[in-house]
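When the chains are written out, they are named A, B, C and D in that same order, and each has its own residue count from 1.
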C-alpha cells in the first residue's frame, strides 16, 4: 500500500477530516476562529473554548471507552455526574467557609468517594449478578438523578466559592483547569492501561469472555475496576460541569452526556461489541462532537435545524469511515491505475 | 419469561392489597390501554435486539409520526392517506438505517442515534409547537371504547397492538424470516456461512422496527390527540428495558415477543403503583422507579438461575 | 500446470468444478498464488497441505466467502462468481467449513434444516422438520434429540450436525473441511459410508483432513498445496504416503519414526514419581460420575472413550473450568477446591479446551498477546511482562511450534485453524504447567506439527510435567500415554498401564467396558475399517 | 362518598381530596412551584395526591385517569403540552370531577372541560421584556445587536417568550436580534452558547434570556471574556428566581420579568370556590410584576426561592 492509501485507510482519517472540515466551516462563518490570544495571562479563543467545553465529555468518554472495551456500556454517567456535583455543592454550601480551600478539598473528595461507591454498585450488578450492562446502569441512571435531586431538593444550588469555581473556569499556567484535568485523566488512563497489562486483559475479556476466564483472567475484578473508573470519570466531569457555572443543577448536569460520550467512543473507532479500543480515537471523537456543538452556535444554525445538522454530520463520518466505502475507494483507485497502466502499455 | 409473568402477578397482587381500587379488572386493562404504543414499540425492538442490534430512534420516530399526522390532518388530509403514508415513511427511514448498518457496517447504536437526531430534528422543522388533532376519525378512534362486559373496556389501540403482537409471535416462531432473525443473533458469521439470507433479514429487521415505531406513533396520537416535537423523549429506553425485562438477551439470539409484552406490563404496573402511591415527591418517584426495576431484575435473575 | 500427473489416465468426464489461477492476498500474506484446482463428479477429492497452506482459503474462494484477486471459477462449465455462501449453496455447492459454524441458540433440527425447512400453512412445519433431521442424524449414527439446543452438545456432536446439514442438500458438490477432526472411529466410519453413497450418486466430494489414513481410505484423487501454491494433482492410488508427505512439506519427514522408537521407552519410575495430582470420587451431577484419577509427576495419562463419554467433562473438573460437586482433589497431598480456572492455573494446572474458537483463542488479539495471556493473567494486572520478554516468549514458541505466519503482531483470528491451535498450546506451555490437560490438542494440526507437539509433550513429561491427554485418535493416545483411562457413559471403566495395549483392545474396552485381551478383541469386534488417523 | 363537591354541597376542607399532576421537576422554578403548592395544601388541610409526570404527557394522562378512578374531588394539573387533552378531560367531566389548570394552558375548543386556568401569560412576559428594551434604547440611532437565549426548542414558554419579545421590538428597526440559539433553560447551556456567540458577534449590546438560569450562565461567559455584564452587555431575563434577583441587585442583570411559581394560595382559593359551588374566573393570571435593580434590592430579603 502506498503511504497515502495507508493514511486514508486509517480508522481515524475521516473523523479527523471531519474535524478539519468543521474547523473550516467555523473559519468561514467567523474569521477569528483560529485566533488564540493571551488575555490576563490566560489563553483565550474559540479553540480553547472547544477544548474546555469538551473536557467533561472527553473525561467521561475515556471511562466509557474502557467499559465498552469489556463489551459493556454505562448509561449512568450523567446521573453520577449530577450526584457528584450535588454532593460537592451541598457540602460547600453547608460549610461556614465556602471559600476555604480545605472545604472544597473535602467536598471534592467526598464527591469522588461517593462515585466510587456508585461505580462499585454498577460493577456489582454487572459482574456479580450478571445483569446486562445497559439495564444494570439504567437503574442507576433513573434512580441516580432522583438521588441527586434529593440532595439538592430539586433546587439549583449556587455556591460562591472561588476555589471550587477554579475547577470549572479557572486557568492554570494559562491553560483552562478543565483541560488540564482532562489531560491528566486521559494520560493516566492511557498509561495505566497500556503500560500495565490492564489494557490487554480488558480487551481480552471484551473479545472472548469464556476464553479469558479459562486463561485465568479475573474478569469480575476487571469489570469492577472499569465501572468504578468510569464512575470516577463521571464524577470528575460532574465536578467540572458544576464548577463551570458554580451551581449544582441536579436536573440538567450531565443530561444526555452518556450519548455524547458513547458517540465519541464510537466515532473514535472503538466497537460497541467490545474488544480493541483506542483512547486516542476517543479523544478525536470527543473533539468532533464538541466542535459540532460549537459550530452550531457560531455558524448560527437555527435551533430547529440543529438536530438535523447533527444527524448529517454523524452519518457522513460513519459512512466515510465504513469499510465498504474504503473498499470501493480502493477499487476505484485500482481501476484507475489499471486504466493508466493499460494506457501506458498501449502507447 | 414465566418468571417474569409470575413476578408481574405478584406485584399486581401486592399492589391490590396495598392500594384501594388497585385490584380491578380495569386497572389491569388500563395497562394495555395506556401502553398500547409501547407494546408495539417493544415488538419492533424485540426483532432488532434478537439480531443483536439496537434501535435508539424509536422514541423520536414516535414523535415524528405524531407531528406528521397532526400537521397533515390539520391541512385537511384524510386519515386514510395519512396513516399509510406515515407507516411507509417510517419504514423507509428504517430501511435507510438498515442499509447503513448492513452495507456500510455502521454500528447499530450509532446509525439509529443518527436516525434519532434526524427524526427529532424533522419534528422541529415541521412545527416547533404542539398541534392539536380535531379530525373526526382520529377523535373517534381516540375516545371510543370496546366494551368487554362487566363494565370493562379497552380502546381500539389495544386491539391493534395485540394483533401486532400475535403477528410478531407467528413471524418469529413460524417463518423462515423469523428463525433467521434468531440465527443472526446466535452468530451472524455462522448464519452467513450456512447460506442464510443474512443481509436481507438484517435490513428488514430495521424496517420492521421503523414500521412499528410509525404504528406506535399513530397509536400514540390516538392516545394524546396531538403532535408535539418533544414527546416520547427517552421512550427508546423504556422499550429496550421492556424487552430486556422480558428476558431477551441484548447480545441477541434469545428471547420472546411475549416476554417483551410482559416487560411493558411490568413497567406499566410500576408506573401505576407510583400514581396510586400519590405521595412521592418528584425525586422519590425516580428513585422508586429505579428501585422497583432493580428488585424486579434481581428477583428474575435469582429465580431463573435457580431453575437451571 | 505441468506437474499435474495422470492427466490422461483417468478423467472420463468433464470437471464439475474448475478453478484456474486463483490468487488471494491478505494484508501481509499471499494466501493463494495462481492455484488451479478441479473436481469431477462421482469422485472424492482431497486437498492436502500443511497448516496455513491455503486449503480453507481455497474453499472459501470457491464458495464466495472471499473474493478472489485473480483467476476464474467455473461450475459445470459455466463461469461463476459467488458473492456469498448463500449463492454457492443455491448453485449446488454445499459446504462444512473448518470451524463449526452453527447457531448454539437454536435447536439441532433448525441447525440442520434452516433455510430449507418444510412448510406448513405458510409457516415452518416443525414436526416434519424434526422428523427429517432425526432421520439425517440417524443416518450418521447419531442419536440426539433434534429439539435440544445445539449449544448443549459437545463439539464432536456439533461437527456431525454440521455434516448432517450439508449432506441434506441435493448438492452437486459437497465440501468437508476437516470434518473428522474430533470424531471417533465409529463416527468416521458412518461418515465414510455416507460419503461413498453420495459419491455413487455422482456427487463430487472434497474431503480435507490431516489424517492420511482417512485420506487414503476414502479419496480417489488429491491436490497438494504448499504455501499457497499448487504442488500438483495426483491419483491417490498412485502416490505413496511418504511421497505425499514430502510434497506437502517439501522435505523428508523423519521425526515421526524417531518418536515411535522412543514412545514406550520412557517409563515412569513408580518409586520416585510422587503423585502430583489425584482426584478421588471427583464428579459433577449430570456431567460425570464420581471417579478416581491419580496422575504422577512426569506421567502422561491418556483418556479414551467414545463421543460424549465424558472425557471433556472430567478434564474440565480437573482444570477448574467447572466446579466438582462431589469428591475431592489433592495436589501434592494437599486437598484443594478448584473454583475457577484461575485457581487451577495458580497451582500450575493448565487446561487447553477442545473448542478453540469459543473457549480458546481471543481472536482479535495478536499472536503475542494470546501466547502471554495466561501467564500475564497469573502475574496480575500491574506486573506486566516486559515487552522484550513477551517478544522472546512469542518468538520462541512461534519457532518451536512452527506457527505461521511467524509474525507475532498478526491477529490470531487471521491464522489458519491449525496455527490457531498451536498458539493456544503455546499459551499453556508458557505458564510452565505442572499438569497440562490437553483436550484434543492436535485437532486440525498437520502431521509435521503433530509430531512436533508429541515430541514436545514427551520432553516436558520427561522433565517432570504431568499430562492428561485427550484425543479422538486412539493411536495417538497409545503412542503418548503411560497410562490410559477409559471412560464410558460418564463412568471411568478402566485404568490401564500402557503396556501392550493396542487400538483394538482399547476399542473393545470402550465398546463394552471389559478388559479384553488382544485376541478377544480381535475376535469380538470386526476391526473397524477406519483405523483412526495413523500418521505412519 | 364520591361525586363532585359542587353537586353534594360544600364539603369540609379536611375531607377534600385533590389530585395534582405536576409536569416534573425539570427546573428550580418547577420545584419551587411544587413546594409552594404542597405547602399551601398542607396549610389549608386539604389532602393532596401528587404525581410527577417526568415531563411526559402520557404519564400525566395516566395520572389523571388514575385520579378519576380514585374519585378525587378536584383535579389540578400543569399540562406538559397544550394539546391533546380532550379525551381525558371529557372523562373527568363525565365523572363530574372539576379540573383546574395551572401554569400552562390547554388548547381545547370546549372551554367547559376545565373550570379555571391559573398561570402566567408567557407572551405577555416576552412583551414586557421587549417593552423594557424598547424604552431603554428609545433614543438610540445606532443599530442595537441583541442575542436571544432561547428555552428548550419546542417548549411553550420558549415559543411564547420569543414571540412576545419579537412583536414588541419590531417597533424600532434599530433593534436587531443578530443571533438566537437555544440554551435549554440551563446555566451551562446559557454559558456555552454565549461564549461562542460573543466570539462570532463581538459587537453585541444586549442579551435576552428566556429564563434567569441562562442569563446567569451568560454572565459567567461575559465575565470570562473580560467584559462587564450589565454594563458592556445588558441582560434581560424572565423568572425572577432568587439567584437571578441577586444578580439583578448586583447590577449584572438589568431587568427581570417575573414569572412566579407561587401558585399555591391562588389554587387553594379556586378549589375552595369550586367546593362552595361558586364559579371561579376562567382565566386567572398570576400576580406578577417586573423588577429593576432598585426593586430587586428591595424585594430580595424576603424572596424565598
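Heads up, the rule we're going with is that a contact is a pair of C-beta atoms (placed from the backbone, for glycine too) under 8 Å apart; a residue touches a chain by one contact, two chains touch by 3 or more.
Listed by chain with UniProt protein names: A = ABC transporter permease; B = Sugar ABC transporter permease YjfF; C = Sugar ABC transporter ATP-binding protein.
Nothing here was measured: the structure is a model prediction, and the numbers come from that model.
Taking the mean of C-alpha positions as each chain's centre, the chain lying farthest from the centre of chain C is D.
Computed from the mean C-alpha positions, the centre of chain A (ABC transporter permease) lies at a distance of 45 Å from the centre of chain C. If you average the CA atoms of chain C and of chain D, the two centres end up 73 Å from each other.
One inter-chain figure worth recording: chain A (ABC transporter permease) and chain D are separated by 34 Å, centre to centre, where each centre is the mean of the chain's CA atoms. Once the centre of each chain is set as its mean CA position, chain A (ABC transporter permease) and chain B turn out to be 30 Å apart. Contacts with at least two other chains are made by no residue of chain C.
Residues of chain B in contact with two or more other chains: 124, 128, 281-283, 285-286.
For chain A (ABC transporter permease), residues that reach two or more other chains under the stated contact definition are 149, 154, 303-304, 306. Chain pairs that touch one another: A-B, A-C, A-D, B-C, B-D. Against chain A (ABC transporter permease), the residues of chain C that register as touching in their complex are 319, 321, 340-342, 344-346, 351, 353, 358-365, 369, 373-374, 376-385, 427. Within the complex formed with chain C, the residues of chain B that make contact are 170, 173-176, 179-180, 182-183, 185-187, 189-198, 253-254. By the touch criterion given at the top, residues 20-21, 26-27, 30, 34, 70, 123-124, 128-134, 139, 142-143, 220, 223-233, 271-272, 274-276, 278-283, 285-286 of chain B touch chain D in their complex. Within the complex formed with chain B, the chain C residues making contact are 65, 84-86, 88-90, 95, 97, 101-106, 110, 114-115, 117, 122-124, 126, 165. By the touch rule above, chain D contacts chain A (ABC transporter permease) in their complex via residues 25-28, 30-32, 34-35, 150, 153, 179-182, 184-189, 191-193, 195-197, 199-200, 213, 216-217, 220, 224-226, 241, 243, 305.
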